[in-house]
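Two complexes, one shared chain (subunit A), two partners (subunit B, subunit C).
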Partner chain A sequence: MTSSSQLLIPLHVRYIQSLGENKDDLTYHLTAHLRMNAVYWGLTALCIMDHKDALSKDETIEYVMSCWVDEAGAFGPHPDHDPHLLPTLSAIQILVIHDALDRIDVPRVTKFILSLQQPSGVFAGDQFGEIDTRFLYSAVNALSLLDQLHQLDVEKTVSYIKQCKNFDGGFGAVIGAESHAAQVWVCTAALAILDRLDVIDQDTLAWWLAERQLPNGGLNGRPQKLEDVCYSFWVLSSLSVLRKVSWIDADKLTSFILSAQDTENGGIADRPGDLPDVFHTIFGVAGLSLLGYPGLVDIDPVYCMPANLIESKGLRKGWEALPRKAS
Partner chain B sequence: MPDIAGDGPEEQPLFSERPDWTDVTPVPQYEGYNPIAPIFYTPQYYFRGIVKTNEKSERVLELTEAIIRLNPAHYSAWQYRYHTLLAIKAPLDAELKLMDSLAVQFLKTYQVWHHRRLILTAIYSPPPSNASGLNDPTATTSSSAKSKPSPESQAAARTELAFITRVLMVDAKNYHTWSYRQWLLAFFDDVHLWEGELGFVERLLEEDVRNNSAWHHRFFVVFGRGQLQGEEDRVAVLKRELSYTKDQIALAPNNASAWNYLRGILERTGTSFSNLRSFVEPYTKTHEDRLGDEEILDLENPAPSAEAELPCVAALEFLADIYEKDAVSKSVEIWKRLANELDTMRKKYWEYRIKEALKDVPVQS
Partner chain C sequence: MHGVKRVQYSQAALEAKKQRDHDKLKAYLALSDDVIARKSHDMSNEAFELTTRLLRMNPEFYTVWNYRRDMFIESLFPQRSPSEVNELLSDDLSLTFELLKQHPKVYGIWNHRRWCLEHIPDGPSPDDVNGYRNSTWNKELFVVEKMLDADARNFHAWNYRRYILATMPFPPPPKSELAYTTRKIEANFSNFSAWHQRSKVLTTLWETGELDRVKSIEEEFELVRNAMYTDPDDQSVWIYHAWLIGNGNYAARLQFEITSIQELLDEQPDSKWCMESLVRYKRLLIEKHAENLGDKKALVDSCLELLAKLRDIDPPRRRRYDEIAEGIRSGNEMQ
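Presenting the complex of A and B:
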């Protein structure tokens, strides 16, 4: 796997297209529990690389609807899997991208989402009861896309996030948990959607985020941990919301992301030399988009969806990415 | 990793070959499709079969265990297993022992840890009266009155903590493990357990002083949730924490976690950063510059060791923050040095600090 100084778009498009093809693969079966997320990641990556039509719209929508669990009024990750907030959000995002939101029973999905809010304000992912600010973000994002935010108890939701703020200005998965860049993003993005960025100590958090950059240009998720391409999104999008993307050395991060590409089979890995996957592919491409990499489409850092689409729905919040380079 | 709990899936016959499973109709995942490796898929097909009939029995436990071993992220299997355990009144302490082996094998899986929470909750606390059925001990609304911890539950808590400690020996920064430890401490809420945590954190920081999770846990125990337990004399606590943190910085100055902790405790206690000036200054110089300084042994302000990499960027940052109040030109000098020489990666940040500080400089009349 040799590194490259360019984003190999056609190769990555082909990689994403090939993901659903190998049903013989054991990995394909063992990842059924996140298939809906994977479809959303792949589709969004294609949109940002301006190849939205590389996957069949009809087949994708058919897959999404095959995951509908009627008793619950929600989506599972795969046919005959239990409903959960994460695949429900991904399903909504996919349908929004394909302008097919009318396929959803909005009142029932809204009811499912709201039923998962706990007395403390956080959300569970499903009836299993696991709580995490990731689920809080998923609920807020989903309700926003469904135009049902007015049904949310915003004060209760915001008060939970407030309590997750740590001494370093960051946020964790639950109250008391260590600050982690992915959790910082879900909390920051949720607050952005709810117009409550006042909860954040913005300069302190932006500095903590800037400190994620390591000498090799990559970003880590917490102090003194390894760099990983996915943090290119979590950290950069948070900084975009705080309007401080310039605090990251863009050239060094760009080189790092590009060096994690699989130049033979396509896709992007967590770091150079490792095997690629669709998760790191979307977040690497999304990070490059926020850095102004030429030839890419703008991504909305709050929703992790195409920016013009979010804007057309009147949902764009105040964020700033780096200007797109000409070449 | 040794398979502590016993047989792996390869040592057992296929479910399709077992006489005690002939009554269940396996439900294949994909119509008209022949998988290359059927051994892996059959447990999942049988799972779909028993879910359809809503069976809750011993053999369901066996089946869900097989699935979980293959795919620990299969959350439907976990859920169904939990409901089955309760329905057939299975011995939950045995379940915990099984989870011990799985937790180490599948450290980074959310479900393993959540299942553990559910089992412990089922054993040691009655269902909450507000009957959401879900476990959120950090809820700000007070849950039904907790009974005093019994000797049995105290012993269980210690065993659990010991288990978590063993897991942390494998991966000292595992996010789920630390989160679970916090949950456990809050769940049993026993003052003796909280007291033991300082020693625990110190042991871990001896292994790796750069373990950010351990530093965070220390804050949690001393100033966060743990603060509710004992430690009335907050002045003494601050003194102790400052002393400890300074010692760790002296050992390894270029340690972001320790400096973040220092800032955190100062801010939390409303202590001025300038109190730390004599401590911080030696770390902002090179070894050569320090040669001229008098070597006064100051136990309150441990100096950097001869091997320390100086100057320490975090120390310079800290000093600049001290100067910002009444000697902003000195702050600007430091920030320029950081931007152009010592921390060029974050040049834009340092330039921002300069700009902001100069904005606030009052105009001389």
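Presenting the complex of A and C:
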């Protein structure tokens, strides 16, 4: 095993390219319900590593469109799977990255998204009614990418997030739920898109987020939990929106992420020694990008998409990442 | 995937594993293809049993949970009496409980459980339309307690607990939930989830007037002091304590807590949380009660000294400590 003090970009690019190839992998088939998300994670990771063309644009778009469920006006995660807000967002993000938004029936998708808002302001994921601030964020993000944010009842949406605020400054999945870094990110990012960061107790929340860093340099998602590479994104991007990325130790976090690489087969795992997957690969790479790791492309922490793309659509908000190191 | 270790296999072991996985995969794909092919039109008992088999193999396959619910609504419920419907739902509550023991964090299983609860029919009789509901919902608190005994930090279980308490026909009173959080906290002071729940329950009790806020907070400070002294390194307690202090409008309470924490710091001179809290509360004194302060400069100097120490013992967060120090210095100069 070689030393992992560097991000092994060519290896991770090959890892992402290989993801769809091993049709004998049981895990691959057991996660079909996440496939659209996985395609978005892999594509975004490639963009940040400046290898956007490593996967075929046409095949990707074809896959996305094969998941369109016409009667719903939305996307599922895989052909013949039921439509849902999460794969719908990922589909939109993929098409935006490939400049193929014209493939979408925008009014119908907008209708689907808006139909999922509940009287309380939160969004359900589908007609079966599970509610979660993750879905609220997905709706706000998707509507903004579709340039349909003006159709959203912003007051109602913001008021739900306000009610999710906890004693520690953080946010949970629903009203009353414990603060969790991933839920903090979705609420913070949604508020950023809606220009309502005033809702946040910024000092308290930035403090809670800074305390996620553990002695080994990794970040956890809640007090007393284990470090995990994916929190390199959830925590870091939240801090980035609050302009407090400097409140954690960048060098220690960088070392932690790099140590979670699979130096033989590529990909990044949740922590050193574990099996890699595309989820932890994107969030490890995204975290490194926010930390200014040399050779990476800027990522927008609000959208988790390439920053220049978001900026070109006029959607960039006031976040701050660490400056890109020269080498 | 979380927490799956990389393992080095011998060549022979690898071959054997590949064969096992291949057989498993074949079986899974055959079943999955069969179920998916049926879902648009087949509402039979046979199809229902197939979804049971498939969900046992992959409870995250939400499309199949959706199909199962469609079958309940479109064909299985319409043919049956309330008693039979109730029994079908009981069976699914048992199935989901069994699956949750192996997969305690799968959203789809928790969602299906809620759906079952929400579809319990009126019955068992016209005089007792809520009998089935009451009996089933009452059992849910036991179910979620079991889940929280297994993992006291499982947020799915805590969210489910709050949902049950908010929705069940005859919920126990909030004070009883307060007692539950006390039990959980006393079992383990690091249980942030229990402290969080406590913050919610107390807020409700204060708002309804069931508990007097001032007296209640005094009691909370006692509980927290005990926890602090038992485990000064646990952040849950300190974050909760900061919440109790709030905006720091009560100077006497601030002074009292500062003295108490200083005593603890004297015993544990490297305690980051003691130092962090002393800075926080001394800053509140400076900001809110300046006119009553004898020696403001001593307070300011003390904060700066603590922040310098914090830089040393908690280097990852040194930039935050620097910013706080800068703020204190410039605030001081402005006066």
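The rule is simple: the second predicted complex is superposed on the first by the 324 of 327 C-alpha atoms of A that agree within 3 Å, B and C clash if a C-alpha of one lies under 4 Å from a C-alpha of the other, contacts with A are read in each partner's own complex, and residues count from 1 in each chain.
By our rule, a residue touches a chain if its C-beta (ideal position, glycine included) is under 8 Å from a C-beta of that chain, and two chains touch if they have at least 3 such contacts.
Every value quoted in this text rests on a predicted model; they were computed, and no experiment measured them.
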Original post:
Overlaying on subunit A: subunit B and subunit C, fit or clash?
Top reply: clash
**OP:** Using the superposition on chain A described above, determine whether A:180 touches subunit B (first), subunit C (second), both, or neither.
**Re:** both
**OP:** Once the structures are superposed on A, label A:124 by its partner contacts, choosing first (subunit B), second (subunit C), both or neither.
**Re:** first
**OP:** Give one of first, second, both or neither to describe whether A:246 is in contact with subunit B, with subunit C, with both, or with none.
**Re:** both
Original post:
Is A:270 touching the first partner subunit B, the second partner subunit C, both, or neither of them?
Top reply: second
Original post:
Does the superposition put A:29 against subunit B (first), subunit C (second), both, or neither?
Top reply: both
**OP:** Identify the overlap between the subunit B-contacting and the subunit C-contacting residues of subunit A.
**Re:** 24, 26, 29-30, 32-33, 80-82, 84, 126, 128, 130, 166-168, 172-174, 176-180, 206-208, 210-211, 213, 222-225, 244, 246-247, 249, 252
**OP:** Please give the residue numbers of subunit A that touch subunit C in the complex, ascending.
**Re:** 24-27, 29-33, 76, 80-82, 84, 126, 128, 130, 166-168, 172-174, 176-180, 206-208, 210-211, 213, 217, 222-225, 228, 244, 246-249, 252, 262, 269-270, 273-275, 277, 279
**OP:** Can you check the complex and tell me which residues of subunit B touch subunit A?
**Re:** 27, 29-30, 33, 35-37, 40-41, 44, 48, 70-71, 73-76, 78-79, 82, 110-111, 114, 118, 130, 132-136, 138-141, 173, 175, 178-179, 182-183, 186, 210-213, 216-217, 219-220, 223-225, 255-257, 260-261, 263-265, 267-268, 345-349, 352
Original post:
For subunit A, which residues are in contact with subunit B within the complex?
Top reply: 23-24, 26, 29-30, 32-34, 80-82, 84, 118-120, 122, 124, 126-132, 159, 163, 166-168, 172-180, 206-208, 210-211, 213, 215, 222-225, 244, 246-247, 249, 252
Original post:
Can you name the residues of subunit C that touch subunit A in the complex?
Top reply: 1-6, 18, 21-22, 24-25, 28-29, 32, 36, 39, 58, 60-63, 66, 69, 107, 111, 115, 153, 155, 158-159, 162, 190, 192-193, 196-197, 199-200, 234-236, 239-240, 243, 315-317, 319-320
